[in-house]
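Just passing along the structure, written as structure tokens.
Order of writing sets the chain letters: A, B and C. Residues in each chain are counted from 1.
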Amino acid sequence: MSTPVNNPTGESGQTGAISEEQPRRSLKFSGAGKTGIVVILFWITMVFIGPWVAPFHEAEFLDEALFIEPGLDDPYPATDFLPPGDVAYLGTDYLGRDTLSRLLYGARTTIGVSLLSTLLAYLIGITLGIAAAAGGRVLDSSLSRLNDAVLSMPTIMLGMVVISAYGSTLPVLIALTSLIYASSVFRIARAFGLDIMVSDFVDAARVRGEGLGWIIRREVLPGMILPMASDFGLRFVYIILFLSGLSFLGLGVQPPQSDWGSMVRENLAGLPYGAIAPLIPALAIASLTVAINLVVDDISAHHGGKLAEKII
Amino acid sequence: MHGDETTGKDIRALQQKFRDSGISRRDFLAALSALGISAVGARSHLASASALALSPRKGGTAIYANNLHGPDDQLDPIVFTSGIDYTRGRACYNNLTQILDHLTLHPELAEEWSANRDGTEYTFKIRKGVEFHDGSPLTADDVVWSMNRHLGADSPSVIKAYFTSVTEWRKVDKHTVRAKLSTPDRDLPVKLGEKQAKIVKKDTTDFRKGIGTGPYILESFEPGVRSLHTRNPNYWRDGPNFDSLVLTAITDPIARVNALIAGDVHLIASVNSRSVRLIESTEGVHVNSTPSGRYGGICCLKNTPPGESDHFVKGMQYIQDRERIVRSILKGHGQVGNDHPISPAYGADHCTELSQRQYDPDKAKWHLKQAGISSAELFVAPVAAGIVETCLLMQANLKKIGFDLSIRQVPTDGYWGAVWMKEPMNVVSWNMRPTANSMLAIQFAPGAAWNDTYWNNPRFGELLQMQLAETDPARRYEMLCEMQRLVHEGSGMVIPCHINILDGVSDRIHGIPVVPLGAMGAYEWVEFAWMSE
Amino acid sequence: MLIRAVLHRIATGLVTLVVVSVLIFLGTSVLPGDVASIILGQMATPESLAALRSTLGLDQPAYVRYFLWLGDLLSGDLGVSKAGAGAGTGGTSISEMIAPRLINTVQLAGAVALIAVPLSLGLGLAAATYPGTRLDRSITLSTLGLVSVPEFLVATALVLVIAVYLGWLPATAYVSGTETGMALLKTLALPTLTLVIVASSQIIRMTRASVLNVMSSPYIEMAVLKGLPRRRIVLHHALPNAVGPIVNVIALNLAYLISGVVIVETIFAYPGLAKLMVDAVQTRDLPLVQACAMIFCSAYILLVFIADLASILSNPRLRYPQ
């Protein structure tokens, strides 16, 4: 019996049946969850309208003339790392660009790239995970070895190789990130898939003469989608952090585009001066992370707390 | 620089006073600022004043943190390409000649040298009684072997372009060597002071032991981690002051500054211009800001669109807001560039008659219209301080005149092989060379291996050769000036600014020479600096 | 049964190692440039490149070098790093390069694990024991807040406060390899603290989720009905059944501490393996990249295996499968 050994989460049993057993209740959000929804909606709105409500363009170096103090005869005042003021509501960054504008433009890149990558990661991970679980020994072990190989490599190193070879355009970043994170999704999906494939109700379906496609569509997928969704919250923030980690090595999104993680990195030199430029994007990331996870917590509480079980 | 003369005198008087403990450090700084000297300038005057006050003290362990290191750290001088290698090279080895304060040339292992009348033959007297770290004596054989490694098409030497006119190095007797040249080169002795022209032991095959005649003996060397060096007790001149050296790197720029401030290390290379204020406002550490000729530039290849259009290049040159780049990107630690590499740091070789190209969006717009080009792609890597930011400012300013410059940022590793001299527009960094001629020759000579804009000007090539053969200073300057004008007007090079060398130094370290060729007095601190209690 | 499982693990582990080495080989071969062009950098010419390549033995086709490397590896030889040899014939033995760094890496990962694992288990269990209370909520919010802060911000902020302003600890983990006792603890303190913050959040969240999950099982309800105290229920009944996912998260975090901490190693100038691998990729030093990859992959396989073993042993249902 090699199932426990092959099963990376070390769990087995009837996990797949859980959502079927739960009584359907209407979803109720706690106060925290409601706050979370408001924050998420705010940022999603900014993804769509951010560039239009931003006071400046993300790439614009603010004119020094904007900051001349009446009474002081300095015609070229410093424009970098300024505190919040009348011109730049959230201050300026290390190059004298408007932090607020960069934050609003950056919402699109950050949330867009992370969301697309997360969704793609799930699509690839779940598809291959089920294929491994349902497709026989050879397919399973070749996919699993390949997956272990990817998973055992430091993500930043993989990113470095791919970006050095193919450049850091948005499509490359999205493809790279989704492939890297698909490997962890694969692990979970395959574990769930194996559990469900050996369960009694799948046996019953087989006896009834249902095909593999039907079983996957009607038994396997519904059994795993919800539990897997709960791990979405953390995965999403890991992708934002991965992008910021790449920017640490100088491999992030293409300048002058802003993404929140790179904004933290590029303004880090302002930290000893007490500049808020590196803190604002960090707060934005934190607000989104906390919001998403509070909502996820509420959803998983609603589904009997079973959902978080396989999050790794 | 107005009133340099009097200010200089005042400073010297103040230094004298400070030295005699007549005034406190605080008063000294205040007095200097009253003279209109910036905080950074004041600190370096203070440092040199303290240095005057005391004679070099022997002892102590100096810890130096470079900005880069890795598994490719070298001890083979002919392939030195990074600051950590240069520093280790300075500890382990000697040159024939030495370039010190304000680019003056001094004898090192060559006691004296002479050239024949037309400058095609040089004879060097090698110092006697010099020993390698393993006890064997230095002879002409070692010098000939070391120098011949730079010759020949298949030499991997990174400075072999300096020595293309040298046909051979020959031993005359045990302590005399002679270089034969196919064409005259009046700059040869200066070129021998370069960081790669170190003298190693004949027939060395494994360079990782660092056996040379230098001021410090290599104790241990872990590439990408650190090296330890101890004072060479048999050094051939009065010399090394530290008991030992630790040479390492802290690659994160902010961490490097923090390490200096926290006292973990005594010297750091490549201070980010944004961190200067922080260091200057901290007790016990200061920044040496040395104007240099090095620069980060933008290459527009002349043999391919869009750079082949002279109007296009002019457009790129007029869109550079040079003053603002120096002011807000370099935070004042740089000089405005004039689209040729010979900055005022080259001293008398810098052509003063050339007018300064200014930021002029209207002219830029007109030239770009003439060129009929409205968009371009620029490859950027962080190869020089402020270059990425400069390109971002350029992009924003071009946008205002309706030109779409897209920036492709790529990693630095692999950049030189895959992008530089290949993509039609790319960025480049050039360190300062010891003479204006060598700088101009290496980058702009027709057909030169590193002619990175593929600019081909036969007159310029002629001038290079003529200038090397010329001995009359006035004629030499005239030719240099003409060459600078030709590059300024015709090449595909955009040089918005020259970058100061910014070294972060503990106040306990004194006696670092001022040599604008590289970090920490072009790495000469190793031999001359010392540590106070 | 256990022996068969171990043998099976070793076999699949070896296959994974081969897959990794092939992936690394393919991956690095698409990178622009090679060791020689990185050494000469800006100052390379076609002739000097060719000369250096032949001195360093790089003029053979890449796949030949791969099989030579594989052959050496099978005979226990990690090979030689050519990057530092210059135009000489020497080269640093990779095992010599890696050994001190491996020790540093294990030291740091060990220190972090020693603090992070008990701390996060404790906090996670506390949150799970009193779900919905102010304690639970503050633990949840602070872990979520911390998990979303980029590592380099955590590290830099800690250095600024603790090393630069307060001067309590050195700003860089300046490890000479000779520090012992107090000096070693001091150099390790800040990187450890940074990584504890980074690694704990996930373990805390996982512990809380897994335990709460088990808490809704019928046998826990039974225990509640029997009137057992809440802490006893959590520790003696719920925790053993929640071990599987928790040890898996711990294992993956440990694997990350060994291979993925390049940012912390960079900021603290801590000479560990992760930074070595990044440097090796950047210098295209293929044997060195491969050596690091083999270590990381082995560590990963071993840790996941131990985690699985732990969850099998802790779960009676898995220990005696039908």
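In this section, contacts are C-beta pairs under 8 Å (C-beta built on N, C-alpha and C of every residue); 3 or more make two chains touch, one makes a residue touch a chain.
The shown structure was predicted, so the numbers you read here are calculated from the model rather than taken from an experiment.
Undergrad: Counting only C-alpha atoms to place each centre, which chain is farthest from chain A?
TA: Chain B.
Undergrad: Point out which chain occupies the most central position, where each centre is the mean of Cα atoms.
TA: That would be C.
Undergrad: Please report how many Å separate the Cα centroid of chain A from that of chain B, as a whole number.
TA: 45
Undergrad: From the C-alpha centre of chain B to that of chain C, how far is it in Å?
TA: 40
Undergrad: Measuring centre to centre with CA averages, how many angstrom lie between chain A and chain C?
TA: So the centre of chain A lies 21 Å away from the centre of chain C.
Undergrad: At which residue positions does chain B touch at least two other chains?
TA: Within chain B, the residues that touch at least two other chains are 254, 411, 413-414.
Undergrad: Pull out every residue in chain C that's touching 2 or more other chains.
TA: 31-32, 152, 156, 160, 164, 266, 281-282
Undergrad: Considering chain A alone, which of its residues make contact with at least two other chains?
TA: Expected reply: 160, 164, 249, 268, 271-272.
Undergrad: Over in the complex, which chain B residues touch chain C? Could you list them?
TA: Interface residues on the chain B side: 63, 65, 70-76, 78-79, 81, 149, 153-160, 204-208, 222-226, 248-252, 254-255, 258-259, 261-262, 264-265, 411, 413-414, 416-418, 420, 428-429, 449-450.
Undergrad: Over in the complex, which chain B residues touch chain A? Could you list them?
TA: 253-254, 272, 274-275, 277-278, 324, 327-329, 380, 382, 388-389, 392-393, 395-396, 399, 407-414
Undergrad: Show which residues of chain C lie in contact with chain A when the two form their complex.
TA: Against chain A, chain C makes touches at 1, 4-5, 8-9, 12, 15-16, 19-20, 23, 27-28, 30-32, 137, 140-141, 144-145, 147-153, 156-157, 160, 164, 202, 205-206, 209-210, 212-213, 215-216, 244-245, 247-249, 252, 255-256, 259-260, 262-263, 266, 274, 277-278, 281-282, 293, 296-297, 299-301, 304, 307-308, 310-312, 315, 317-318, 321.
Undergrad: Would you tell me which residues of chain A are touching chain C in their complex?
TA: Against chain C, the touching part of chain A is residues 1-5, 7-13, 32, 141, 144-146, 148-158, 160-162, 164-166, 234, 237, 240-241, 244-245, 248-249, 261, 264-265, 268, 271-272, 278, 282, 285-286, 288-290, 293-294, 297, 300, 304-306, 308-312.
Undergrad: Note which residues of chain A are touching chain B in the complex, please.
TA: 59-61, 64, 76, 78-80, 94-96, 160, 163-164, 167-168, 249-251, 254-256, 268-273
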